[in-house]
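In order of appearance the chains are A, B, C and D, and numbering begins at 1 in each one.
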Amino acid sequence: MASKQDGLNRGLPHQARGHRVAVIGASGYGGLQTLRLLQGHPLFQVTFLGGERSSGKRWSQLTPFLPLPGDPLVQSPDPEAIAAAADLAVLSLPNGLAAQLVPPLLELGVKVVDLSADYRYRSLAQWQEVYAAEAAQVPRQDDELCKQAVYGLVEWEEERIRQARLVAAPGCFPTASLLALLPFLKQGLIELDGIVIDAKTGSSGGGRAAKEHLLLAEAGEAVMPYGVVGHRHTSEIEQMASQVAGQAIQLQFTPHLMPMVRGLLATVYCRLRDPGLAAEDCTTLLQVAYRDRACVQVLPVGTYPSTKWVRQTNRALISLQVDPRTGQLILMSAIDNLIKGQAGQAVQCLNLMAGLDGATGLPLLPFYP
Amino acid sequence: MASKQDGLNRGLPHQARGHRVAVIGASGYGGLQTLRLLQGHPLFQVTFLGGERSSGKRWSQLTPFLPLPGDPLVQSPDPEAIAAAADLAVLSLPNGLAAQLVPPLLELGVKVVDLSADYRYRSLAQWQEVYAAEAAQVPRQDDELCKQAVYGLVEWEEERIRQARLVAAPGCFPTASLLALLPFLKQGLIELDGIVIDAKTGSSGGGRAAKEHLLLAEAGEAVMPYGVVGHRHTSEIEQMASQVAGQAIQLQFTPHLMPMVRGLLATVYCRLRDPGLAAEDCTTLLQVAYRDRACVQVLPVGTYPSTKWVRQTNRALISLQVDPRTGQLILMSAIDNLIKGQAGQAVQCLNLMAGLDGATGLPLLPFYP
Amino acid sequence: MASKQDGLNRGLPHQARGHRVAVIGASGYGGLQTLRLLQGHPLFQVTFLGGERSSGKRWSQLTPFLPLPGDPLVQSPDPEAIAAAADLAVLSLPNGLAAQLVPPLLELGVKVVDLSADYRYRSLAQWQEVYAAEAAQVPRQDDELCKQAVYGLVEWEEERIRQARLVAAPGCFPTASLLALLPFLKQGLIELDGIVIDAKTGSSGGGRAAKEHLLLAEAGEAVMPYGVVGHRHTSEIEQMASQVAGQAIQLQFTPHLMPMVRGLLATVYCRLRDPGLAAEDCTTLLQVAYRDRACVQVLPVGTYPSTKWVRQTNRALISLQVDPRTGQLILMSAIDNLIKGQAGQAVQCLNLMAGLDGATGLPLLPFYP
Amino acid sequence: MASKQDGLNRGLPHQARGHRVAVIGASGYGGLQTLRLLQGHPLFQVTFLGGERSSGKRWSQLTPFLPLPGDPLVQSPDPEAIAAAADLAVLSLPNGLAAQLVPPLLELGVKVVDLSADYRYRSLAQWQEVYAAEAAQVPRQDDELCKQAVYGLVEWEEERIRQARLVAAPGCFPTASLLALLPFLKQGLIELDGIVIDAKTGSSGGGRAAKEHLLLAEAGEAVMPYGVVGHRHTSEIEQMASQVAGQAIQLQFTPHLMPMVRGLLATVYCRLRDPGLAAEDCTTLLQVAYRDRACVQVLPVGTYPSTKWVRQTNRALISLQVDPRTGQLILMSAIDNLIKGQAGQAVQCLNLMAGLDGATGLPLLPFYP
């Protein structure tokens, strides 16, 4: 199969692909995206494929459409075995399960990027409050790790991620929302109360496990709100927004399910403190904030982002408009929910943890349409 | 073809179908929906089919999939000819063109429901401001008719519609938004500033004329905002909202294009004046407001509407949630953009103008999924 | 809720709705379509709602978007209770389970239309061969009923259905395929070997139970063959085709899953015995065959059917083309897989069994687009 | 913008990107795919962007979502200017127009890959017959070039493409169909008459120009045949099939429009000459035929390709099944219509013409889902 591997890696000397990466939970969407991205990466190689249910099977049996070099066996995610094979690990496991695997992996010297919510909060107590159902089933005592873990919103935590041994990859909604909001919170340009985030996501955000409401017959040709008031990502957004604003923020977050496979748009409504600010001013602020950021692109005033423009890329597209009548600033932020909103941002973190440029090997341009 | 007409009308004596209706602009989506609804109506019959470009053609040549009894010829929309054939007319014409046809039709005694925006404003001056491009091309002097015309939001103007000779069918976004907002504005329960309407529509809302951005290849698998700040429906919503509130309202309205054919969801964010009101209280208020309204259904707290639940029906589904932390009321209102948001509401108006119950002959239940 | 029932039934005297119908398996797609169609029917009323898992629940809890008059309780499908409440029953149950309920229902005098495959074959032995997995789990000894049951392809079995007490509603693929093929087989105009049916179906054909491959994330933006060689509907098509041809036929049937909710297109390839026949000749033959058939429409030569043209209707659209170079006849047949392909045809059968015109109360015209 | 270019090219020395490529007709789908692929290519750089209507505009104005290094101006496609800037050119122009540009480009020493049909036939006369409408508008006298041009089906013409100065990239339907059929025709294993190709394509195959029937509102949730008998790709398939079979072949080809953006599946029906051949035997034959072909993958018996498995890749997936009852061989071939079916195969040809491995820089693995 060697002659059939992804052309992107062709011609690179094997020894140059030095960083050995384990992917645990390989057959869900997070795992699949991670594997695909790593196949296109010049300096990482997948050296361990872990899965509980699929353990013992050949990869090609599970996923005939994504051949991996050597067609590896999926293995039970034993920490010792992972540590023997890999320097870095990406965990794509249900909430609560990652926390079982992370402590031993860290102890064995494996650096971890975790896609679950287990380490996104600064304290175990808050996780236990927000993820109460999972907390009831899984005993955890790793409050110390919660405090150590770095929130992997790369453009805002780059230096800490470079030094981290444990990174919690942000949720998809927080990624899109925060990238748009944080520059304005940091500069103190918007009112802290009354912020509204109306978010729209493709159905792959619901994962690969079969659920009735995510069937094409149900979710196709339909738009529907869910988790209205109290969706878990609210607290995740508020935590980071409050930290950057230097003040506690409570905001409104409402996700909607879209009849499409992938893509996420957050439309954010807030009030400018200075009603004299124009859209051009605010756009300049955003451009400055993300000037050297390969994975964030700010659009000119009057051009609004389509989720299709970031499909299968690790780029966020942000645009804004100001309504001088109402004093409102409308921010629009589009990402691919499975790439910049999940696995791509995780690889961005991996890059930093491995001493590389954050965007190394990541797709930034869409195949439109 | 008589033996093949829609089964819904079967068995009804022909003389009972007394009201003669003209449909002008028959091959656009508004016209097609109107024709389809009238085929299923027990007491209306289509007696004139008008179209400019398709004039002189047999209907079956244009639309093989919607056979009409007698396979009529499409005729040039001459007012005299329309008046000779019909008592009522539904106009589905581009903005600006309806205003050319309405004055002579009214003079000839034909009652009109107009699907365009030409008579949605109380003054010609406001129409000319909002629809400046059309106004520049079409000279109009019918300010008096603008004042006389009734805004066809049935559940709020029923008595005036019954007496009207000219009804302006509301836009799709205003219909969904206002049905949710008006009860709270009328009761004075919400703050008048800071209202945000985040709306999502299927691509049929863009009409049948071919445009690049509405191609399946472009709009499929994509979510995108458009008309951010200043979309024309903003002023239409504000006009009616201000009238019911008894005070001028300026609000934020942002439409988004969804990757689906039909359906429209308006998510409305506003602040409760009394932070002690619970979702149950607000739901009761809505239920009282729409108690005897066949075309509006209020969902219980915790059940959120999918646009699919109203697909191809003339029903609006409304639900709400309250966030006690932020004091916000979130209203969700789903309609079929081409039925309750356009042609169905027009037929509802026709029913009233013909002395019938508003819901006569209108589909209210979806074929799910 | 009485004031909110479907407008289609408004004003009809209650006593006129004389036929009492039980719907068993109400919350699957077959049941939902049946209920919706019966809500729009002038002469049937649903008097029993049966379901195993949902037994004891109020209908509105299960299906908030399809309110039924009186908001009935779902009941356990006990034959005595069904017979006490209803004259006719529609069974929408998994293969194998219907056969448990049918014998007692018939004995109690209830006429049955069964949506499953249990009575589609002339012999129990053939069912046991084709549905071997189900047969292994469900003991059956009702070979006699298999012989008595009438195959509910209305346009070809109308007289027998009128007399029947048990009708097996055909599968969706057989319905579309046979309506196109049978006229040519009956007239002996095509070769009996080498027939190819390439069929395309919306994902609702896979039912409402959650399965990974039917998730929007999987089935959206994807086209895929399945059941290649040996799909169960092959034998069902062959049985009826052979009967009409008077000779055993073996043909090729390949279904494909489409990225849409509903709709089914069968493209049928066969060879004309007389290479001199033109498309117009063959179209005339079809038109004659279905002249008085409200639920089948033959399109003129050169107009090809879209599944959208029959969406949510009980109509089949058939068209054809002839290739004089190859001598092949290409038949195209479009239906709504859940209406003419399932529940609508079942109601068509119910109509006949109740002495009504077959198309009574059935929608025949689409709401396009 | 240099810091924001696609990460795939990062770190490669600029001088290594030696081959200068012109892309003419850059804003249609063919042009967009070509540009995107070249952005991810290690050894090509785009040095000329040509377009008629968009001439004089900055690229970022036309396509904000696909930033190109330096944000070049789109230029009028003048042959001298192209030749001054580029060694190789990809033409993505309407049929008939490419033939105006190709002769001067070749004369100036620019090697050309043409995406149109202008050079797909061995004789000008045949092109003029099949593309009669275009031929009536465009005078051509380049029969000699038609004979010289190489048909760019890489896996079957690799050696000739390496030597070519003019390559005609095959149509999307011929690519998928021929890759499946040719191995069996070459080995003489199937009957030459009675071959049926039933093809399904995403709507992007219809191009970016706005057409009513390709609107999402029309083509969404719909499946429809078109071009039944006589579609232009029929003759293109027959030409190559006849050449490989060594005998004239006439076959049946029917395309269908799918409700999805991209992807193409050809289901091919033919009869085995030796009825004893099993699916495993035929699969082995395919595997041998494409053993060292990075862009064709043969699936094991029983695994059928989804178009999603090749989305945005240059890989064809082929699978087959045999029906021992009917003696038929069913071939299934999935490609991305815009990549392997168009621009990707063009870049594959460019690679060969530049002396590189055919798969250089081409994506072969999908981002699933």
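By our rule, a residue touches a chain if its C-beta (ideal position, glycine included) is under 8 Å from a C-beta of that chain, and two chains touch if they have at least 3 such contacts.
Predicted, not measured: the structure shown is a model, and the values here were computed from it.
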| item | value |
| --- | --- |
| Fraction-based call for chain D against chain C, same above half, different below | same |
| Centroid comparison with chain D (C-alpha atoms), farthest chain | B |
| Centre-to-centre distance between chain C and chain B (centres being mean Cα positions), rounded to whole Å | 35 |
| Centre-of-Cα separation between chain B and chain A, whole angstrom | 40 |
| Gap in Å, rounded to a whole number, between the CA centres of chain D and chain B | 45 |
| For chain A, residues that touch 2 or more chains besides their own | 29, 202, 204, 208, 217-218, 220-221, 259-262, 305-306, 308, 369 |
| Interface residues, chain C side, partner chain A - complex | 29, 202-204, 206, 208-212, 214-221, 259-262 |
| Touch list for chain B against partner chain C, complex | 3-8, 10-11, 29, 32-33, 36, 39-40, 42, 63-67, 204, 208, 220-221, 261-262, 292, 294, 297, 299-300, 303, 305-306, 308-310, 312, 314, 317, 338-339, 357, 359-369 |
| Chain B residues touching chain A - in the complex, by the definition given at the top | 193-194, 196, 198, 200, 202, 217-218, 220-226, 228-230, 250-252, 254, 256, 258-263, 265, 267, 269, 271, 304-308, 311, 321-323, 325-326, 328, 330, 332, 334, 369 |
